[in-house]
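Before anything else, here's the structure in question.
For clarity, chains are labelled A, B, C and D in written order, and residue numbers in each chain start from 1.
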Amino acid sequence: MAGNNIDIPGIAVVGAGYWGTNLVRNFAATPKASLRWVVDVDADRADRLASGYAGTSSAASYAEVLADPAVDGVALATPAATHAELGLAALDAGKHVLIEKPLAANLDDGRALVETADAAGKVLMTDHTFCYTSAARYIRELFKSGQIGDFHYMDSVRISLGLVQPDVDVFWDLAPHDLSILSFVLPDGLRPITVSARGADPLGIGKPSLGNISIKYPNGAIANIHVNWLSPVKVRTTIVGGSKKMLVWDDLKPSQRLSIFDTGVQLQEDAKERHQRLVSYRVGDMVAPALEEREALGRMVDEFSGAINEGRQALTSGRDGLQVLTLLDATQRSLDAGGVSVGVEE
Amino acid sequence: MAGNNIDIPGIAVVGAGYWGTNLVRNFAATPKASLRWVVDVDADRADRLASGYAGTSSAASYAEVLADPAVDGVALATPAATHAELGLAALDAGKHVLIEKPLAANLDDGRALVETADAAGKVLMTDHTFCYTSAARYIRELFKSGQIGDFHYMDSVRISLGLVQPDVDVFWDLAPHDLSILSFVLPDGLRPITVSARGADPLGIGKPSLGNISIKYPNGAIANIHVNWLSPVKVRTTIVGGSKKMLVWDDLKPSQRLSIFDTGVQLQEDAKERHQRLVSYRVGDMVAPALEEREALGRMVDEFSGAINEGRQALTSGRDGLQVLTLLDATQRSLDAGGVSVGVEE
Amino acid sequence: MAGNNIDIPGIAVVGAGYWGTNLVRNFAATPKASLRWVVDVDADRADRLASGYAGTSSAASYAEVLADPAVDGVALATPAATHAELGLAALDAGKHVLIEKPLAANLDDGRALVETADAAGKVLMTDHTFCYTSAARYIRELFKSGQIGDFHYMDSVRISLGLVQPDVDVFWDLAPHDLSILSFVLPDGLRPITVSARGADPLGIGKPSLGNISIKYPNGAIANIHVNWLSPVKVRTTIVGGSKKMLVWDDLKPSQRLSIFDTGVQLQEDAKERHQRLVSYRVGDMVAPALEEREALGRMVDEFSGAINEGRQALTSGRDGLQVLTLLDATQRSLDAGGVSVGVEE
Amino acid sequence: MAGNNIDIPGIAVVGAGYWGTNLVRNFAATPKASLRWVVDVDADRADRLASGYAGTSSAASYAEVLADPAVDGVALATPAATHAELGLAALDAGKHVLIEKPLAANLDDGRALVETADAAGKVLMTDHTFCYTSAARYIRELFKSGQIGDFHYMDSVRISLGLVQPDVDVFWDLAPHDLSILSFVLPDGLRPITVSARGADPLGIGKPSLGNISIKYPNGAIANIHVNWLSPVKVRTTIVGGSKKMLVWDDLKPSQRLSIFDTGVQLQEDAKERHQRLVSYRVGDMVAPALEEREALGRMVDEFSGAINEGRQALTSGRDGLQVLTLLDATQRSLDAGGVSVGVEE
């Protein structure tokens, strides 16, 4: 039975909205998985989406899908508030689970998912899509190989086009991308210690629609994440500073997403060099490595298959999702306390 | 005597470093002023700079220059810590005074300068150069004419090339630009109420080298200012959101410094429009007005002459410089208190 | 029978390579067509491509597909040398035909296709994909509505990434895009009169791998098309000059593909204005209209369905494809004659 | 006497228009020259320009200036038609001569200047300013050191802002920049063999206002130069292809003027690599070297002083100016002959 075929896991995608459609397209296209079901409470929507793919059925009943032995893994692309219930049900039914970010709507739910998956010996993976971009993978390697040197700072700006989400605030909507990238690229031992955050609600919609988060590290480093729902232009730019190299990742510049600068900081007085920096637009030689243009989501779905087949943790595991929740939780606590720094509860 | 010629004021520039050199070049080039003196404690440096200009002398003695009746105005391009002493001396000598930002090294010094100038009936002008760019002037008019609508937010990023200043921290070095722009472009009645700030010192140099400031307004609006000394690339980008229009000012893109978007925010659910925004890079028609390419500093020095001749406040007055000091002071108090929001003391 | 359903034509795509794969994806996705067959001489390749789509079969036999009454239209994505034979066979079998650019490998074949389709009363459409971009449609409207004024020039640069095609030269590979755009956007009455071309073969591969074409119009206007296979970067930029407005179309800049300048030419002497132009990066206000981000190929396949259903010429008809062949033929004659201007044989 | 001081030559600048003003500013600023005179037939204009500089006089009489023994070198920034007469007079007066491009208005005049300077043993330098940019110097070194490999092509686009020059056509106005760069960066032995050109006059002003030149080399390489006066945007982009590396020089992108690609051309069939190139925006790692931001004109005026002092040919000599004239002459002959290729008369 296909469901027991360890090479090509059978998959059910739950949620046929914007992100579910992307997941379906990628699970259908990869030879490493077999897309069995598209599930949605709106049966027509599920049907329309499934009908384009040979061998894929639609369902409005989640229970029916969980009962199908041909289903090895369940991918959730539903609102965050439903992740815990749907994810725990899938784990109880013996399925591996992939969950769209954020892992859950709160820390307790996230912990329950991680503990249940551990106990069941099943894969619990968080869909931190940006960690599967060629750029994020490259930056991770730069840190691992020591080429960046000590981590000094990350400045990330992620702003989108005047699109207010109905169910979450701007931090829960956009910051998980940056928080997951941070934990993915930084050396394993480097853990955040404090978080402070500020938000604003200029439209009066009852929740922040723009704001920023500052995260401090034991070595004096800082990560600043700026998010904004109300922009006329999309921006996805991250600058990383290290003691040996700095880099700029502009994810909206496909001809040069990653620029790595062989440059340091000017501490000493040297009038000529200072003047050159004042009148220049940048310093140091720059290398823009050739990065494979491949959809990150394609790599992500293959990693889910790989983790299932090899019985291992996924590259972006439930635990990584939990780490993001921990930082979102600290963000909320700082906001509630008027922006003061709060400790990160691990 | 030329110094009494109300049309072409005689000028002394004090400080022959990077900025003083720029001031000298502009005062020498404009027909609206007569550059008399270049002053520097390093007599050779003053001499080298003055020697290129016909009719300009050099001096190491500030007193000698203040005693010259041909000098109507004194322009200070010296370290901030010297502004109060040098500025007050000039006012006492009956001169008009132009001071490089920041107006002074602290609030008390700033207040003394403003009060003394008021009492003496002399022009006290702050060199907030960016307020004289074509872009800043255009944005100010957009607000005044109501085209932007209500102010929602300003996100400003100003980062420079790994250049650590010896005498000030990154907030005092870079943030005055954005703080002065804010107060220049926003409607007069809109005054900040609270400030919170976070900084980091990843190099261990004893003061912040990157950080951000969040400023809140009575109407729920927010201004975020991000400054960074340690970057491999120069960035000078400001995004302004209003209820009617939004705009992007990229000061390093001379072919299109100002982009004005005819776009609003999407509050209602509309699946097609939401999807279009998710897959698009921007929304709404955009207009990039033709802006005159003229050096802002040229306009700034002419404004000094104009204010002297017309016996009026300069467009960027001492009081505007004091407003910037007030916000820098609040920034420092927030940093000292761990990032909590503090009130703006006016 | 589905093939007789005038609303949803049944489609066979012939050729399962790079472009055929794109066609298949779009015909499968649109509700306005029903993808029946994928055909390829490599049966495995056809099968792999078809297998992902519900209701789509694969075939290695073209005859079998032409015999299927459920097939209303045939889309050819095969080498240009095969277009005439495959297209004529489809017309003989009573099918409508869509052909990837160029319409045919030579003028005579192109004429045979057009005449046969006319006689048969079938749709013959050329897949000039770029004419279905939002930008090309917008430019066409600007000309139609008189906003651009008289046509003065078009400068088009289309260079690609060191990719030498095995069966055609750089002119036949890349120039059809620009030639088809030209004929699509310009007013109907404006027809080219002469063509001159120059090519180079620096690699010694026996055919031009870069070169340019200049096309002259009766009103003194000129269109320059520069094509290059050997570039390290992809460029797709077109500048159009008219008596009232000029525009820049950069198809690789999704945030601002189309920029329309409200600017004229400076004929008179005016020292200040001349100086401003010398030191500026552009002149005149600019408008970048919001363009719908939709895949041009999706619009193109829908146009095929629309032309079939409405029994009309497609927006990019066989005759438009023939016009492109006429200009490619003139290009070749000019190259053969050492670059001299040759007349366009209509 | 200063004029005999071999270290600091005395200079007279002739012509106080746009370019003369730039020359004056640079000769005044450099410690390697002493600006003595500004000459212009419009005495007021000369006076206004000279008055800003200490030690510089103005004159309307060229003879008076040539009679001044303190003048070692004369820099001509006058219309091309006057270069021969003014330059020969200066050489006759025993002065070294620097001439704004183009060297002369025709080949014969250019030859006369070169021969006269040779006979007199004086420096004759052409102001090919772009050869003194950091980018052009870097490219020249890349060729010299063999890093680019064999020269395959140069594509240059130089378009300006709707500014029609009264005395010359677009080829004589803009193409000398690219022609001089070509001869500056290419290996010495590589000489053009044929030229073909096409122009257009859509405004009906009696001379071409846009057009292109194609230059062929013995090794099969080609240089294409596209010039245009009628554009809404300024473009100065040059792409160079070689057998080992390719590069893009965008002179209007100060943060990254020069991008060097470690990339070759794809001749063999490799489906995966071909697909990657079709969907990518570029291939190969890229290096953007740090270039010193220094005004090219500053380097150019220092080279004039250096050549005078060291009694040597300037880096951009009269002979280099003559080479540009030779190519402009061939351009004109090709235009006159309807665009056919013509031989380059050396």
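One rule holds for everything that comes next: a residue touches a chain if its C-beta (ideal position, glycine included) is under 8 Å from a C-beta of that chain, and two chains touch if they have at least 3 such contacts.
Just so we're clear, the structure is a prediction, and the values are computed from it rather than from any experiment.
Chemist: So which one's got more C-beta contacts, A-B or B-D?
Modeler: Pair with more contacting C-beta pairs, A-B versus B-D: A-B.
Chemist: Determine, using the mean of C-alpha atoms as each chain's centre, which chain is farthest from chain C.
Modeler: Looking at centroid distances, B is the chain farthest away.
Chemist: Starting from the mean Cα coordinates of chain B and chain D, work out the distance between those two points in Å.
Modeler: 39
Chemist: Roughly how far is chain B from chain C, going centre to centre by Cα mean, in whole Å?
Modeler: 52
Chemist: For chain A, what residues touch not just one other chain but two or more?
Modeler: Within chain A, the residues that touch at least two other chains are 233-234, 252, 255, 259, 280-284, 286.
Chemist: For chain D, which residues count as touching chain A in their complex?
Modeler: 254-256, 259, 276, 279-290, 292-293
Chemist: Under the stated contact criterion, what part of chain A meets chain B in this complex?
Modeler: Per the touch definition, chain A meets chain B at residues 18, 150-153, 155, 157, 159-164, 166, 196, 198, 200-205, 209-212, 214, 216, 219-222, 224, 226, 228-234, 239, 241, 246-248, 252, 259, 261, 263-267, 269, 274-275, 277-278, 280-284, 286, 338-341.
Chemist: Taking the touch rule as given, give the residues of chain D at its contact with chain B in the complex, in rising order.
Modeler: My answer: residues 28-29, 51-56, 233-234, 252, 254-255.
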